[in-house]
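In the two complexes that follow, chain A is the common piece, with chain B as its partner first and chain C second.
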Partner chain A sequence: MRVYLHSRTWFIYFVMVIVILMTFWHPVVLLISLESGLVWWKILKRRLTLGHVLGATALLGFLTVINPIISANGATILFYLNGRAYTAEALVYGFLFASVMVCALLWSVILSEVMTTDRWLCVCGRRFSRTGLVLTMVFRFFPLFSKQWHKIREGQEALGGTPVGWRETFSLTKRELLCMLTWSLEHGFVTADAMLARGYGSAKRTYFNRENYGAASVLVALAVIGAFAAILTAAIGGGMESQIYPYVRIHMDGAKDILGFTAYFLLCHLPMISCKVLREERRMRS
Partner chain B sequence: MIQVENLSFTYSGAARPSLCDISLQVAPGEFILLCGPTGCGKSTLLRMLKPELNPAGVRTGRVLYKDREIGADDRLPEVGFVMQMPEQQVVTDRVWHELAFGLENLGVKSDVIRRRSAEIAAYFDLEKSFEKDTNALSGGEKQQLVVASTMIMGCKVLLLDEPTSQLDPIAANRFFLWLEQLRREFGITIVLAEHHLEEIFGEADRVIFMENGRILAQGKPALVAQTLLSGRNAFSAALPTVTRLFYEARSGRDPFVSLREAKAAPDFDTLAAMVRKAETAGAASEVSETARASEAAVTLKNVSFGYDAYSPVVLNKLSLEIPAGACTAIVGGNGSGKSTLLKVIAGLIPEKKCSGGKVKFPEGGRRISFLMQDVTTLFTEETVYEEIVAGVRGRVEAGGDDFVERFLKENGLSVLSEHLKQHPYDLSGGEQQMLGIAKLLLRDPQILLLDEPTKGMDAVAKEQFAKLIKKKTKDGATVVLVTHDLDFAEMCADYAAMLFRGEILSKERADRFFADNVFYTTHKNRALNT
Partner chain C sequence: MQNKMRKRRHNIVLWSLAFVLLLASFFDAVKQSGALPTVYVWAAGMKGTGFQGPAQADRDAKTARSAEELKKRCEEALDWKMKASGATSAQDLLDRMAAHAGKSPEDWYVLAMAKMGLELDYTKYANALFEGCKDPEPTDVEQYRRYLVARAMGYEDIPGTAPEKLKDKGIMSAIYRGYAVAAGRASSSFVYGETQSALIDLKLADGGYALMGETSDVDVTAFVLQAYGALLGAQGKTAAGAELASAVRDGFALLGKRQAADGGYASFGTANAESGAMVLLALASFSDEDITAEVRNSVHANELIEATNRFQTAGGGFAHALSDGVASMENDLATAQVMCAYAAYASYLKGAPGRLYSVKAAATPVVPTTEKPTEASTEETTQKQTEASAEETTQKQTEDSSEETTAKGTEVSAEETTEETAEVSTEEAAEITTDGAKETTSDTKTTENSSADTTTKEETIENSTSAPTEDPDIEKPEGGSSTSARTIQWIMTAVVAGLILLALLANLFSKRKSKLNYILIFAIGAAAFVFIWMSKITLPEQATQKQQQTYLERLPAQGEFRITISIDQRIEGEEALLMPRLVTVSGDDTVFDILQRVTTAYGISLDYSKSMVGTVYVRAIGGHAEFDRGAGSGWVFLVNGVPATTDAGSVKLNDGDVLRWAYTLDLGKDVSP
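Here is the complex of A and B:
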């Protein structure tokens, strides 16, 4: 089934997932975020490498161990380090914080994959048509810049004689930077001329909006907002609560918890119905 | 359509005028080819016809568009302008947005843009790449996209400033064919400034030849060719091969301007026989002495390479011996692995990544300099002089005060001596290549690797450059030349090898190689093979 979703629907979706992930430091919320994040990862055909897993583990380990050194909150003292208490609660806090970070990183990759430049443009385009243009030019320029730098590196290496010692390496890098600067300026002049040649600045710019709201976009947007409202209701009513300091405690509140977590689960997974369209888009871009 | 009356122009700060008293008329639907040596003022003249791009300076005379005088404050979306650099002219990151860009600037509404871009994509066969990232397009595709996104604005006149100078000859020909189609189907008026005249010269309705800011000759292509050839103008080297080749045989009258015209001539066979005889008498197709005497400068054995596990193999069990003290040209289509092969020889791709393949050099013969495709990537200094000296300062200082000038003169690069104080980016494309070569030669390499060195060079520069390569191989250097430019390869190569899908299919003496090939050969051979 091909379900097309409007850029604004995507925008609302990501804002809500990320807001909830960052505000509720609840293990169940984290688990749902991680699970749905990994499903997205698979849908977007990104490879999960050993490097990713090791990186995430290292981040988790580092932040977990380091937090009790910074923060002495918590009632369960494990031992004293240089006269400061090293507590179990602070360990848990560190672990949760690191988990939120890992999930946020995972989701930021998904965000950047789905929210391509044209989606951002569509979200902010009509009102900020010039800003939008600058944005798309920046998006074009970055890959160009890094490609050019790579070429300059290779060109210098190819000339024969790789730099010896830090002094030469430093001087070469400095010159490469200058070279990039000249190149960028030179590039900019031509682009400016090309823009003028195609009528830039001759009238008030419009923005070419290619997207239409379909029934699916509206329904999914409403469902996402509905789920968000349900989570808020559950939270205000005392559900989905957890506490770390001074003791670690997860409040269990049957009905409200079930409502909140189910709503978050649905919220995270619902837009996946559009996975086919996303994959097609990705294929067509390259 | 366009009228230019007594136009003169001097750039602000310049001592000499760039345009002197130019008068010219362009009729609707006409195809005008503007040619002349580098710096003759053709780009300036084109810019004067597009008010948005009028350069700053002092001008006298008038430019009229549809009988109305135009100045720097006018806006003429009907007149499209396409420049050299495909990369830099693309403004946005997606193909559809690039097409829409011009219309957005004119304040056109979304639904109109939608229809117009669909229409133009269908006509220009951009449907498949409509959603693509512009970075994923090749140079030729980018240039076509720029023209398409100019055409979408309803343009009636297309001004093109050396649009193919950064493209390989195959992409360039495709671009010209496509331009021709545009003209035939829409009656677009085209003014094209170009120095690659091989394919396009005979197609123009009128050719205008400029030198030092003045129009020296204009008229039908044959007439201009006649003027240039009979006046022994240096620029006549840029004329199509067939024009130059048959000029003497036709006793200096009515030069052919295209291969089609030549082959249609009733006495073509007799003429071709005459030219062939003259050519074989004059040709000294001897492989240089050192090449025959010595062994290989580089030996590649079973080299295979792919950029990563997911992309196709670029080099496929390639074995090749590069003879020392000779120039070996490696030719082949786009993506056949030519540049990758050079990177393997240069060591930029290490041997251990070549799936067990071996790259061998004779004892102490590993001093390699490699001129990569985009020569501007070599330039890190403020002036041409500093650029030449960079990295070899010790050698230059030891050589005395006028070392650089002597060095340039000895190597036939004296054209650079006039520009020593300029910024490398201010040189013309051909001069930039020369500067790259100078940098390479100062490192005194045993092996010179050149990747498409003639990009952006005009015919005169190419001839000089071919001479330089010949001289270097005579002195014992080994040159490996990767190029699409077969005419250039024939001028300077001793051996030629064809790379096809990552394999070397044939390697033999260059003259035999080009004489035996039917399709993939020089313009001269195409003209003389009956």
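Here is the complex of A and C:
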């Protein structure tokens, strides 16, 4: 029996994870999302190079050091840089901001891997079918565009050789850009004609999708929503708080914090719990 | 090959974005830095031209002799006390008195010695005083007095209950509390107002005050007036200040009525030295700006001094009362109190704060532990050094500064260069209200000022290998050449170097490798290094001291005046960022200029943005930023209680204005007074 998750379940899952990651700037939340993101990374068989790690660290350090120069907020003045206060709180803020950025990048890669075009169409469903169509076309356009550009580049270089100097590079790029413009227009016409030939717009379209809600999908969706509700309860009750300005105050104790963090941990790891789901995911990808 | 091209373009976009970001922040910082040098250059320029107003010069010429006389009598009295207790020197006397620290006459003696500007090591006395704090149940009055004596000796953090926390109801408590609240950094305006009104509530029908009953007592009235002087000096021309001023007027009027024909005062029917001393202290507690000449002249000060002089015995001490018109028996309390009064009045005559318990600047806190070195002792040594250097010839000075490169050598030369600038501005130094405790004469004032400057300079010059510059006063704070600022620069350099290394490694390990990446990384790194080493790094303490001493807390010169500023973040149960404070500003200063200086002076962070057309928006003060507490929250300012209608960069103030920065929760609708 095939066990897979419904596209909407996936959608809810990613939205909840990323929303919580971006709203709670809490070190524990960040750690959890980083850890689960790396697990995902492994599941999706992406390689984690040293370059990734070093690049992320450099970005982290860069943003941390830069933030106090831009923002002089915070009560603890370390020193004055050109007459503006360089504060400890701004450093912390910069670090947290950079960490959130890194985690969000990580998760957006996972999102784009898992949420394929057909899944987006399914998420949009019957009611928002037009939106879904536009969305998938846009999603399709970018890779198609870059692929085509690459092809044209190869063709141009085959004709005229590798450009030397910025002048040649510039003129080549200009030519390529013109090619791309005409190509995309032409491609648009072709697509429109093809759609017309298939009867688009002539009558009310039917909606079909292969997926149906299995027990797993429903359960996972409910669990995700339940975890989100638990986190919300904890947050409303004052848990999982992290205050940066004017003083850094980070909550780490108390039943509410534990509830919130556990819920988030479970939320992040929910689809991974079922091996069958992951096996199915892998099968779809191979 | 084609692959490489494609990737390179991709990288160009990324790196140029980062580069532009860095450049933007660099230029922003350079633009911002424009503000600081002008402040310092301006302040330094003021120093040269001097703040000496005509009134001040007149007063000095008239009364210099009188101040000298008072000082001489103080020294005679001290000699008597030393002889009487068998002490060999003033220091010895102080150490001997430590056995009775916290007791009434001894504390008065220490106050007098501090006010006379004697360079003594107060460590032993202070330690004994703080030992006394462990006393399980001291009375409130004892605690206040202990607190104040410690403040007068230059200590900042005093163990025991904070003065504003004590809530004893008696008048002596109220007086001492007024003093303590004014001397310390009061924790809220509530305490100010409460302390003040507690005293004013005790006012009797005739304008005086008494320990009990309905008949005013001279001693108590004079004592209350001293507390008013302290409160007025700390609070400024606010509405509460006006109420205070009327109470002061009434008080002096009563004292004028009670003055005897010979100029002296009597308490419980007996003419005595202490009452006169108290009245003199009350007079000394107010500067010429605080009260009008009319109020001041209701008491005849010169006659009072003459009358008090009659209590001096042949030995030099002062008697409590006269027997058959002759002072014969010295009295400890009388001697100590008259010494205090004379020292304080001499200080007032010289234009320095005459308040008895006026305190040191809060910028140099001293933690009173059992450790040996204290501010008093360090100051003593630097002061001695300064005096020594003042006597040296100019040639010797230049030799010193050019040849000796040791820490001590540079220290001395720094003091000498300061000495020259400081000499011009003796009066300015005298008017710095926070440096009160030890200023009595012109000489000590000069040394005081230069020694205070020197303590800053000691840090800045110590490890710098270069020869001391012409005018360290201007150069040092912005030059970034101080030891600690350098350390910060090196730390930042190390961090940036580490980041460059990381970026290089990341580039090495990633699949996309291109020369341009390396070039860009190095370019950004170089720009960062240039930025770090071109930046002016100022330590908070340095900036604070500089602003407080040279800018905010001095007498207004031509085209300058005083305003009251407060910064209130309006959080229940949290003390305001800045209590109402009198600061000297120039007529050209905008509200934002003032805010910038005040926040620097009191170590409060400030975040703002300037638009292209010059309007200023204050985003955050002290870490309390806009939108922190709702969509309509942020900082607004009120001038004399009227909410502003334009930006802070375009509003200028007038003499005596009250500026209030307040955190609003609802677009300024909730901060009206």
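Here is the rule we go by: the second predicted complex is superposed on the first by the 249 of 286 C-alpha atoms of A that agree within 3 Å, B and C clash if a C-alpha of one lies under 4 Å from a C-alpha of the other, contacts with A are read in each partner's own complex, and residues count from 1 in each chain.
The criterion applied here is as follows: a residue touches a chain if its C-beta (ideal position, glycine included) is under 8 Å from a C-beta of that chain, and two chains touch if they have at least 3 such contacts.
Please read these numbers as outputs of a predicted model, since none were measured by experiment.
*Asks:* Overlaying on chain A: chain B and chain C, fit or clash?
*Replies:* fit
*Asks:* Does the superposition put A:275 against chain B (first), chain C (second), both, or neither?
*Replies:* neither
*Asks:* Given the touch rule stated above, what does A:58 touch, chain B (first), chain C (second), both, or neither?
*Replies:* A:58: touches chain C, not chain B.
*Asks:* Looking at the overlay, does A:154 come into contact with chain B only (first), chain C only (second), both, or neither?
*Replies:* Touch partners of A:154: chain B and chain C.
*Asks:* Applying the document's definition of touch, where does A:144 land relative to chain B and chain C: first, second, both, or neither?
*Replies:* First partner only, chain B.
*Asks:* See if chain A has more residues touched by chain B or by chain C, and give me that chain.
*Replies:* More residues of chain A are touched by B.
*Asks:* Between chain B (first) and chain C (second), which does A:43 come into contact with in this model arrangement: first, second, both, or neither?
*Replies:* So A:43 meets neither chain B nor chain C here.
*Asks:* Regarding the shared-chain residue A:118, is it in contact with chain B (first), chain C (second), both, or neither?
*Replies:* Once the two structures are laid over each other on A, A:118 reaches chain B alone.
*Asks:* By the touch definition at the top of the document, which applies to A:34: first (chain B), second (chain C), both, or neither?
*Replies:* In the superposition, A:34 contacts neither chain B nor chain C.
*Asks:* Just how close are chain B and chain C at their nearest CA atoms in the overlay, in Å?
*Replies:* 6
*Asks:* Kindly list the residues of chain A that each of chain B and chain C touches, one partner per complex.
*Replies:* On chain A, the overlap between the chain B and chain C contacts is residues 154, 157.
*Asks:* Name, in rising order, each residue of chain A that touches chain C in their complex.
*Replies:* Residue positions touching the partner: 49-52, 54-55, 57-58, 61-62, 65-66, 69-85, 87, 89, 150, 153-154, 157, 162-163, 169, 173, 245-247.
*Asks:* Once bound in the complex, which stretches of chain B touch chain A?
*Replies:* So the residues of chain B in touch with chain A come to 50, 52-53, 75, 77, 80-83, 85, 87-94, 96-97, 100-110, 113-114, 117, 130-136, 146, 149-150, 153, 346, 348, 367-372, 374, 376-381, 390-391, 423, 425, 439-440, 443, 445, 449.
*Asks:* Mind pulling up the chain A residues that touch chain B in the complex?
*Replies:* Interface residues on chain A, with respect to chain B: 117-118, 129, 133, 136-137, 139-140, 143-144, 147-148, 151-152, 154-161, 175-176, 178-179, 182-183, 186-187, 190-191, 193-210, 281, 284-286.
*Asks:* Going by the contact rule set out above, which residues of chain C touch chain A in the complex?
*Replies:* The touching residues are 1-2, 5-6, 9, 18, 21-22, 25, 28-30, 32-33, 35-36, 485, 488, 492, 495-496, 498-499, 502-503, 505-511, 535-540, 543, 600, 603-608, 619-620, 622-625, 628.
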